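Both of the next two complexes hold subunit A, though its partner changes from subunit B to subunit C.
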Partner chain A sequence: MALPELKQSTTEARLASLSMPAGGCLEAARRAAISRVQATGLPDRRDEYWKYTRPDTLTVAEAPKAAVFDSGEEPMFDAFDRIKIVFVDGVFDAAASDDLALEGVSIERLADLAGKDIHWSKDIYGVLEARGQSPVERPLAALNTGYATDGVVIHVTGRPSKPINLVYRHQSDSSDAMLHHVVKVDSGAEATILENGPAASRFSHVMEIDIADTGTLHLVRAQGRDHELRNATHLFARLGRESVFKSFTLTVNGVLTRNEAVIEFLGDDAVAHVAGACVGDGDFHHDDTVFVTHDAVNCESRQVFKKVLRNGATGVFQGKILVKEGAQKTDGYQISQSLLLDDDSQFLAKPELEIYADDVACSHGSTSGAIDEDGLFYLRSRGVPEAEATDLMTLAFLAEAVEEIDSDDIAASINDRLYGWLARRR
Partner chain B sequence: MLEIKNLHVKLEEEDKQILKGVNLTVEAGKVHAIMGPNGSGKSTLSYVLAGKDGYEVTEGSATLAGEELLELEPEERAALGVFLAFQYPVEIPGVGNMTFLRTAVNAQRKARGEEELSASDFLKVVREKAKTLKIDADMLKRPVNVGFSGGEKKRNEILQMAMLEPKMCILDETDSGLDVDAMKLVADGVNALRDEGRGFLVITHYQRLLDHIKPDVVHIMADGRIIKTGGPELALEVENNGYADILAEVA
Partner chain C sequence: MAALDQFEAKEGVDQETVDAVRDVSTYKYGWDTDIEMEYAPKGVNPDIVRLISGKNEEPEWMTEWRLQAFERWTGMKEPNWAMVSYPEIDFQDQYYYARPKSMETRPKSLDEVDPKLLATYEKLGIPLKEQMLLAGVEGAEDAPDEGRKVAVDAVFDSVSVGTTFQAELKKAGVIFCSISEAIREHPELVKKYLGTVVPASDNFYATLNSAVFSDGSFVYVPPGVRCPMELSTYFRINAENTGQFERTLIIADKGSYVSYLEGCTAPQRDTAQLHAAVVEIIIEEDAEVKYSTVQNWYPGDENGKGGIYNFVTKRADCRGDRAKVMWTQVETGSAVTWKYPSCILRGEESQGEFYSIAIANNMQQADTGTKMIHLGKNTKSRIVSKGISAGKAQNTYRGLVSMHPKAKNSRNYTQCDSLLIGDKCGAHTVPYIEVKNNSSRVEHEATTSKVDDDQLFYCRQRGMDEEEAVALVVNGFCKDVLQALPMEFAMEAQQLVAISLEGSVG
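So, the complex of A and B:
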């Protein structure tokens, strides 16, 4: 079927602006992904899945400019012992990065796979993304598979002693970056991946995560403070038996952010938590779109998303739990809440449950509200001034999402950033 | 210390008068108890003194050491020395108990123009006070009141009181939801704070708390007024005969 004219021309213009990197063992996957984009076209406002978020600045051929912002802050996670891998406007910076050798994990650059005919990542690259195109199309992710210029390919074989930290730096106000990461976690292996920083003026991000039986992956992301950033990120995770995936994303500022997560349970007794906290002021549009598919017995999924919005900021949540026939004993939980600090801000939520098994426990809730007055009075009655008490109650509101991070130290560093953001606005 | 004169209070949202002329003076160093049936206005009195929203003072005054309280924000009253131990302490997820205590102590010191306590000085004091209230390190680390038992919450209130060293302590049904042992622990904490420079107003339904925190003066409140004032024996009378006799006697 032919695409609508506008969609067709937007898609063609965008495809024409890109060139496929040398593929090596990934070439077939890249070509197939480009065909998917050609078939579906890039998203536009008329697509149901983009009802609350305008995709036009994400699909236009030339990225809108975004000023580089100097926060004056020490980059997030700098205090942690980690392996640092740096990308500047989407380009790998070898000099700023650590040696990639670490026991229990092998780390390679995606760009280096171009010269290889055989590599394990071939079974994952573009494969999980393609699975995630149904029942809902995600053309921006397919576009990324086709044209991503670099990324990291991580194979976790043991228990690396420190986290792997992907550090993104934004230096050019017109950068348009596309990175694609592949993560494979072996049976019994466990690792933590940290991502932080503003990656580019416009950033397209895909991470495909394949966790084998009894493997564990922790992912904590902080998306950078630059105000004019546009981010479209995608997580695709496939979970084996008794595996664990925990992800948390912090978003502070950014004019447009769309964070998609697609989780699929294929083995029994697995656990996946996806959480996010965002704080936005003014020209800020933040969209969490999550799709969890239970296709195994006794798996637990949690979606916990909290948004603090002020001065006309907009928050969006589209979250779905699909429980397939036979996925008995599923425990699915979904909560999305916004704290609206004024009447100009808005929160749009579309929680969905679709259940084809009869012995499951699924719950979802979505609320918009103001600061808890009882808590505010309690703090003030102890002498805490109103502005500071309001900030503490705001942190309290965000806590359920931040608590999804297993590491207390990392959670504390996230809370520090959130408190700093609030305190700057007193 | 605390002087309440002809205090009239109504609900802000509806035309309902709760306090209808309360007169009460709590001297420094004394413990006053207020007893009374449900709905008599005891808790409202404590909230109005602490500065909670939702009430409108239509007449009268309340001063602490000569300073008018009713015009002030809750945090200003706290800095002057008002402390309300809540009947239902509020849970605040994501804010560590220790962080909360230090924020509160230092905010009050700052408001009074005093130097803030250093982290190490603060830690030393809080550990010592927590120990006597049987509050362990874990409870100090956990988010404020989250997952605390009823007894733990009340002990946490008393810990805050001990750290903030207020001039005027108001305890709103601190005994509710406590078993005998927990009540004894809380009462011991309160008694340890009894001091010549400090006044107490203990609001309770039952005599049993007053077995442990011995009052100097007992007031009976009904329908928004204090209808009878006496010594500790008045509490015993209520315990034995209920409020009916006293209410009948006044009527």
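So, the complex of A and C:
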């Protein structure tokens, strides 16, 4: 079917502004992805999947400018012992990065694969993204597969002693970065990946994650504080038997953030938790879109999303649990909550369940409202000043999402950031 | 169920039990009445619209309104976002108007009424006295009542065949008649309110209905009047290949109260039949309307052959402060259901409630839910939806709760529970939640589970068979909604829940 005229012209203009990195084992996957984009067109506001978020600025040929913001803070995970991999405006910075050698993991640059005809990542790159296009199209992810200029390809074979930290620096006010990462976790292996920083004025990010039977991956992201930042991220995870995937995303600021997570259970007894906390002020639009597919027996999925919004900020949650026929004993849980600190902010949610198996326990909850007056009164009656009491209540509200992080140290550093955000705005 | 026809009672089993077993095992209302019908030619076009308007002896403005709706409809596309699938409907292969021939002139006494029509009422379980009233027999109003009084408007295919207790209602100032009569007798009211809640251009089916609706009910309750009895409409599709397009308009003026019941049945046929109704309710200051539906259209056979396609637009507008509306629905029939009774909470402190049981068995598909649009301050809404899927059926709750910026201090509570019986069916929940101010509280909860094994075991251990046990557990699951129904309806609904699940276990 022919695309609507406007969609067609937007898509063509965007494709014309990009050039596909040629050569190597990924070229076929890139070409296939580009034809997927051509077939579906890039999203526009008429698409049901973009009902609550306007994709225009993510699809225009030229990225809207975004001023570089100096928070004056120490970058997020600097205090941790880690392997640091730095990208500046979407380009790998070898000088600022650590040596990539670490026992239990092999790390390569995506850009280096252009010279290789055979590589394991060929079985994952663009493959999980393509699987994630059905039943809902995600053309921005396909666009990334086609044109991503850099990224890392991580193969976890054992239990590396420290986390891998991807640091994204923003230096140019008109940068338009596209990174694509591939992560493969072998059977019995376990690793932690940390991501932080604003990356670019407009940042498109795709991470494809393939976890083999009994593998484990922890992912913690902090999306930077640049005010005018625009982000579109996609996680595609495929889980084998008894594997574990836990992800947490912290978003503070940015005019537009769309975080999509597409999780698929293919092996029995696996566990996936996707969590997010966001605090937004003013001209802030944050969208969490999650799609979990249960296609195996006795798997557990949890989605926990908390949003604190003020001064006209908008929070969006679109979550779905799909339980396929035969995926018995599924335990699916989904909660999305927003705390509206004033009358101008809004929360828009569409928490969905689609279930084709009978022996399951699936539930979702969604709430929205102001700070609990009784709790506030209690704290004040104990001598806590009002501003501080509000902050405490807000942190308590966000706690359920932060608790999804297994590492206490990382959780503590996230809480510090949240407290900092609140304190600055008192 | 053919086996049951040759079912021989064992010794010692009384005839009553045998009849009861026969009774519950099939769609009870699947018979059709062989009655002489008058049809308009198949298909829909401006001429048919004019013909329907002419048959109802409508004034020019009404004909014009219909023609405009038809014009719009030709430019509209059938919606496809619902989680239902069915073969393409040929809208030109339907009869848009059919009425019993005997209705050409209104009967003066019972003898003049087509006896087959009377037999139909009897089978539908309409009490004898009301049959007389429906047939227009003189003196019927003085006949002794059995229990509580309910005024009935019966719609047979395209036309209303009679309304009971009109005189008594008139004494109270309540107008209850067919919409065709209202257009003739009370044009000022119809003109003022028709299409103000569901505009003629609202959606594909509502627009089609606006063009070709043939009949339906009209209720006007004047200020301060508490309607002395429950009002009820029976809708029956009888003729083959006929679409039923009824239009209901209910107006509750300031400080009034009315409870309205709606029941629907249709014969068992191999071809699918279309039903696209529109219900508009206007509730003024301090008024309250209760609208209860037991929808039991023919659902098709176990292979999905035949059945009613039920595409309904129902909406209530709480225009005045402290207006209140309560939708209660028990949806057990229809092959495909597409229905979202909604509440516009415009007046301050107005309230909307939605209680629903949707049961889908065999090949049935139901996509139903509600919209709660909070516009006024301090408005409240409550949604309780219970979906039950069995066989190969698909059951979807689809709803919207919207808190506009000006709807300060409003409150919504939503609970959607789904129950799955068997591993070939599906249960889905698609809620939209839009909150645009912070003084309002919105809570949404949904769960999906199967019939609890422990509960089943307990019932069976007490000597129940499996189907009885499931029916009991399901009735417990639906309790919140059943309690919201008027008494007689609740009893009927409870039985219907059990019947609808026949053959879904084991």
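Basically, the second predicted complex is superposed on the first by the 425 of 426 C-alpha atoms of A that agree within 3 Å, B and C clash if a C-alpha of one lies under 4 Å from a C-alpha of the other, contacts with A are read in each partner's own complex, and residues count from 1 in each chain.
Simple rule for what comes next: a residue touches a chain if its C-beta (ideal position, glycine included) is under 8 Å from a C-beta of that chain, and two chains touch if they have at least 3 such contacts.
Predicted, not measured: the structure shown is a model, and the values here were computed from it.
> Identify the partner contact of A:V384: answer first if only subunit B is touched, second if only subunit C is, both if each is, neither if none is.
First partner only.
> Please work out whether A:G369 is in contact with subunit B alone, subunit C alone, both, or neither, and reply first, second, both or neither.
So A:G369 only meets subunit C here.
> Does the superposition put A:N415 against subunit B (first), subunit C (second), both, or neither?
The answer is first: A:N415 touches subunit B but not subunit C.
> With both structures placed on chain A, which of the two partners, subunit B or subunit C, ends up touching more residues of subunit A?
Comparing touch counts on subunit A for subunit B and subunit C gives C.
> Report for A:V402: first if it touches subunit B alone, second if subunit C alone, otherwise both or neither.
After superposition on chain A, A:V402 lies in contact with subunit B alone.
> Same subunit A residues contacting subunit B and subunit C, which ones?
In subunit A, no position sits in both the subunit B and subunit C interfaces.
> Residues of subunit C touching subunit A in their complex?
Per the touch definition, subunit C meets subunit A at residues 81, 83, 405, 408, 418, 420-450.
> Which of the residues in subunit B end up touching subunit A in this complex?
50-53, 73-75, 77-79, 82-84, 86, 89-95, 100, 103-105, 107-108, 111, 143, 160, 164
> Where on subunit A does subunit B make contact in their complex?
Subunit A residues touching subunit B: 372-375, 377-386, 388-389, 392-393, 395-400, 402-403, 415.
> Any idea which subunit A residues touch subunit C in the complex?
Touch residues, subunit A against subunit C: 48, 325-326, 328, 338, 340-370.
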